[in-house]
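In what comes next, subunit A is part of two complexes: it sits with subunit B in the first one and with subunit C in the second one.
Our next item is the complex of A and B:
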């Protein structure tokens, strides 16, 4: 188990390094950063000064290493637009996005896993059809439209929930549902397919032949084996929610990382975007690592490979 | 005769399939005495496994069981609800399956799975259950049993896994063990060991055994009584000697001719084979089920319902229109299926 964890950790670090290289090279993707910063009216001397000031005149490898070591110490430089420390802005916004993501993924899992299990126990029953309908509708419905519909009914027509902001936990209900609902179909179908396969397996028959109660067969013997791919999917989707909540955060005016990313793109604030991409990528990598660890805990066969 | 552990009369299993009702098992009757081994023999698809699963009430949802009598140690199984039935499964009756490679849950240690089988039915402490598991693992010939409790199925070979399955069956000292082709998936040397083990444990724990197999070699070694099954019916029943020494039904005769006998069967000679395939069991079959493959078939075979009839000895029955004398003649002349 320990050697498996170390191996996965090594892979995670390599992936993180690769991501950092790509993130760093972002500043050169749209041409010479010094020229972009200087603006159209700048003289050659201004550009040279800016190049000197930001260190763009050094060899690219040195620039990268310098940037990487600063980033490792939590220093992502200055925002070109806000003229403040990038790290402090990000770490101010991060908790909001994390909270939203956690609520959304919890909503998605709490809804989809039981539905998937029930659909697998009674395939082609009424409840299976109902779950399938939810899946198809969820897959087909754009999340921005769903978010606006929620707002219209719960926020405006019935006045049950606040529409915008992050003042209380009530503000998080609609964004969490809007963000989480999109993930529900995939998780549910995967749970259903996994459970169907596992429930038909020989070891479930063995468990029943031992006289075990149906609920014990279901939860101890079946779900643990069926849930493995769901864990991996949930981890990826959680990472996606952290980065992909741009739309939802914008609609509900939530001051999170997604909203910040959207703002920074508009302002061409490169250090900020770099830092956001890097931080979110690191979260992705951490989540994948965590999913691997959970799966290794659940299935002993994974531990040895 | 003492009261049997298992008494079955007219057990039938119907399975709903898209094309109609598949009559997988049709009116079979048998009983098993304490410590006795009954072998149910037949080729794939004849209804052997369905018979075993129906006794355990583990049939697929599309299947329906009916029986005039279904008594386990005097208790009527057909009147039990699923909840009461599950109290007996793994307790009074236990089952060993054909596929040791997939019959254990890969996510749990074998100790966990063994102890669970006991804790479900007995009010025992964890350490008592663990001691019982170690005791039985040693009984089934696994060395260093205590250290192996923490091992997972994927760390064990097929033979070892089947031994674990056998130990699991014995956790609650069942009166009856159903073994469905327990050695089919194992290689030949392991087969012999597992069979020997089953016979030994049967004697030691005075357990009755229903052994389901297509392998007549196995039957010859462990059976007290034999039921030959064909297309959902018993076509011949009797003691092992009766069935092996004086097979009456053309199908049994054919099966026995499929086994080469060292020293008797000539090198290079053709081994017997039964031509044709098992008939489709959807809907009602008229006459003898074996008629389409039987070398002695004539018009009388094709209509009506055949009953099991006694052969020369009282406990020996077969299902054929031919008289016992005619059957014995067929056997001698060598014209079997």
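Our next item is the complex of A and C:
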């Protein structure tokens, strides 16, 4: 288990380093960063000053290492637009996005696991068809359109829920549904497939033959095994969700990381953009690492491969 | 299939055929699959609309007539609604139906082109990893993990904003970002067949590696490839819509569906149809492609349905 964990950790760190290189090289995508910062009216002297000030005249490798070591210490530099410390702004906004992500994934799991289980107990029944329809429809719905439609009906036409901001928990209902709905098809399909496979296995037949109560067989014996892949999918999807929250947060004007990312992109605030991409990527890497560990802990067969 | 006793096509009269030919079985599976038929029909209609947009459109997608702005669609019960503009006009007085028709071109083109790019990258990586295994597999796995840890929408938005937005930038950025599923599926499909007898036979005959990959492996993973290709095309279309919605995809005055929703966002409380119509169009297109993909998977590999 320990050697497996160390191996995975090594890969995770390598991936994180590669991501940091990609994130760093973003500043050179638009050509000369000093020229982009200076704007169109700048003189050659201005550009040289900016180059000197931000250290763009050093060798690229030195610039990268400098940036990396500062980032490792939690220093992502100064925001070009807000003129404040990038890290403090990010950590101010992060909890809102985490809360939204947690609500969204809870909504998705609460909706999709029971539906998946019921669909697997009665394959090809009405409920199975209904679940399948939800899955197919959910995968085809553009998230921003779904969010706007929710807003239109629940916020404007029926006046049930507040449409923007984060004033109370009511504000989180629509964004969570809009963000979480997109995850439900995958989780539901995986639960259904896992349950179908497990329910057909010998040990379930044995458990039933022993005369255990059907519900006990279902939850204690079947679901516990079928839920394993769902755990890692949920972890992965949570990571994707934080990235995808940029759309939802922009629509509902939720002051989280996604909205910050969108604002920074609008303002061409490079240090902020870089930091957000890096933070979200590292968070995703951490999540998948944890999911791997949980799976390896629960299922010893994984540790060998 | 109403009458299953009809002898399969291709059989001579008088033949007693108990088992339908493979072709007939395939046809029966295709036409028995409602999702596949619906998906293919809707996709065909949208493709037709896109191809002949200039012929069947009632107007010009860029023509602004400010005196005729915000005319509601014909099902709205107001005297303003007119058959001149069946789906009404937008805030700049452009005919909405025309823009919807031309928007189909953009969605299909971006979806298809991005899918091609990602398909080439993902299939190459996946097949190489599956065929060679070992170190190659490790390297591909590493690239894949790195790619998966980058948040797609965020990176796409950032890159597009830094390079500057255009149709081709959007296509390349999406194509370079969404190859992951191709790689995963192609890798496992290749793994499944690389140790089968016909591959070993080709190796024993001294065929070159390229020949084995191209003429022994590729034809046998083609059905998986088509299924992933449809799903990824749908994915690319959704992403393009999201990018355009956020203002960093297709730029005005082009009639991208995502951009149409974005332009109508401020008016949604008064003129909701302006966001409902283009949103429904994206939904219909993506749904059709997904149904087609699921249908192809069921038809070519019915044993994998569950």
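Just so it is clear, the second predicted complex is superposed on the first by the 300 of 305 C-alpha atoms of A that agree within 3 Å, B and C clash if a C-alpha of one lies under 4 Å from a C-alpha of the other, contacts with A are read in each partner's own complex, and residues count from 1 in each chain.
The definition used in the following text is that a residue touches a chain if its C-beta (ideal position, glycine included) is under 8 Å from a C-beta of that chain, and two chains touch if they have at least 3 such contacts.
Predicted model, so just to flag it, every value in this text is computed and none were measured.
S.K.: State whether subunit B and subunit C clash or fit side by side on subunit A once the two structures are superposed.
M.R.: In the arrangement built by aligning on subunit A, the partners subunit C and subunit B fit side by side.
S.K.: Under the superposition described above, what is the C-alpha centre angle at subunit A formed with subunit B and subunit C, rounded in steps of 10 degrees?
M.R.: Value: 80 degrees, nearest 10.
S.K.: Which partner does A:224 contact after superposing on A: first (subunit B), second (subunit C), both, neither?
M.R.: First partner only, subunit B.
S.K.: Which of the two partners, first being subunit B and second being subunit C, lies in contact with A:206: first, second, both, or neither?
M.R.: The answer is first: A:206 touches subunit B but not subunit C.
S.K.: For the three-chain arrangement built by superposition, which of subunit B and subunit C touches the greater number of subunit A residues?
M.R.: If we count touched residues of subunit A for both partners, the winner is C.
S.K.: Contacts for A:301 in the overlay, against subunit B (first) and subunit C (second): which applies, first, second, both or neither?
M.R.: So A:301 only meets subunit B here.
S.K.: In the overlaid three-chain picture, which partner chain does A:110 touch, first (subunit B) or second (subunit C), both, or neither?
M.R.: neither
S.K.: Give one of first, second, both or neither to describe whether A:19 is in contact with subunit B, with subunit C, with both, or with none.
M.R.: After superposing on A, A:19 lies in contact with subunit C but is clear of subunit B.
S.K.: Quote the smallest CA-to-CA distance from subunit B to subunit C in the superposed model, rounded to whole Å.
M.R.: Checking C-alpha atoms only, subunit B sits 14 Å from subunit C at its nearest point.
S.K.: Residue numbers of subunit B touching subunit A in their complex, please.
M.R.: 56, 58, 86-91, 94-95, 97, 99, 102-109, 116-117, 120-121, 152, 154, 165, 168
S.K.: Note which residues of subunit A are touching subunit B in the complex, please.
M.R.: 201-203, 205-213, 220-221, 224-225, 298-301
S.K.: Across the complex, what residues on subunit C touch subunit A?
M.R.: That would be residues 35, 142, 145-146, 148-155, 157-159, 161-164, 234, 238, 241-242, 245-248, 258, 261, 265, 268-269, 272, 275-276, 279, 282-283, 286-287, 290-291, 294, 306 of subunit C.
S.K.: Would you mind writing out the residues of subunit A in touch with subunit C in their complex?
M.R.: Counting only subunit A, the residues touching subunit C are 11, 14-16, 18-19, 22, 26, 29-30, 123, 136-137, 139-145, 148-149, 151-152, 156, 192-193, 196, 236, 239-240, 242-244, 246-247, 250, 261-262, 265-266, 268, 273, 276-277, 280-282, 284-285, 288.
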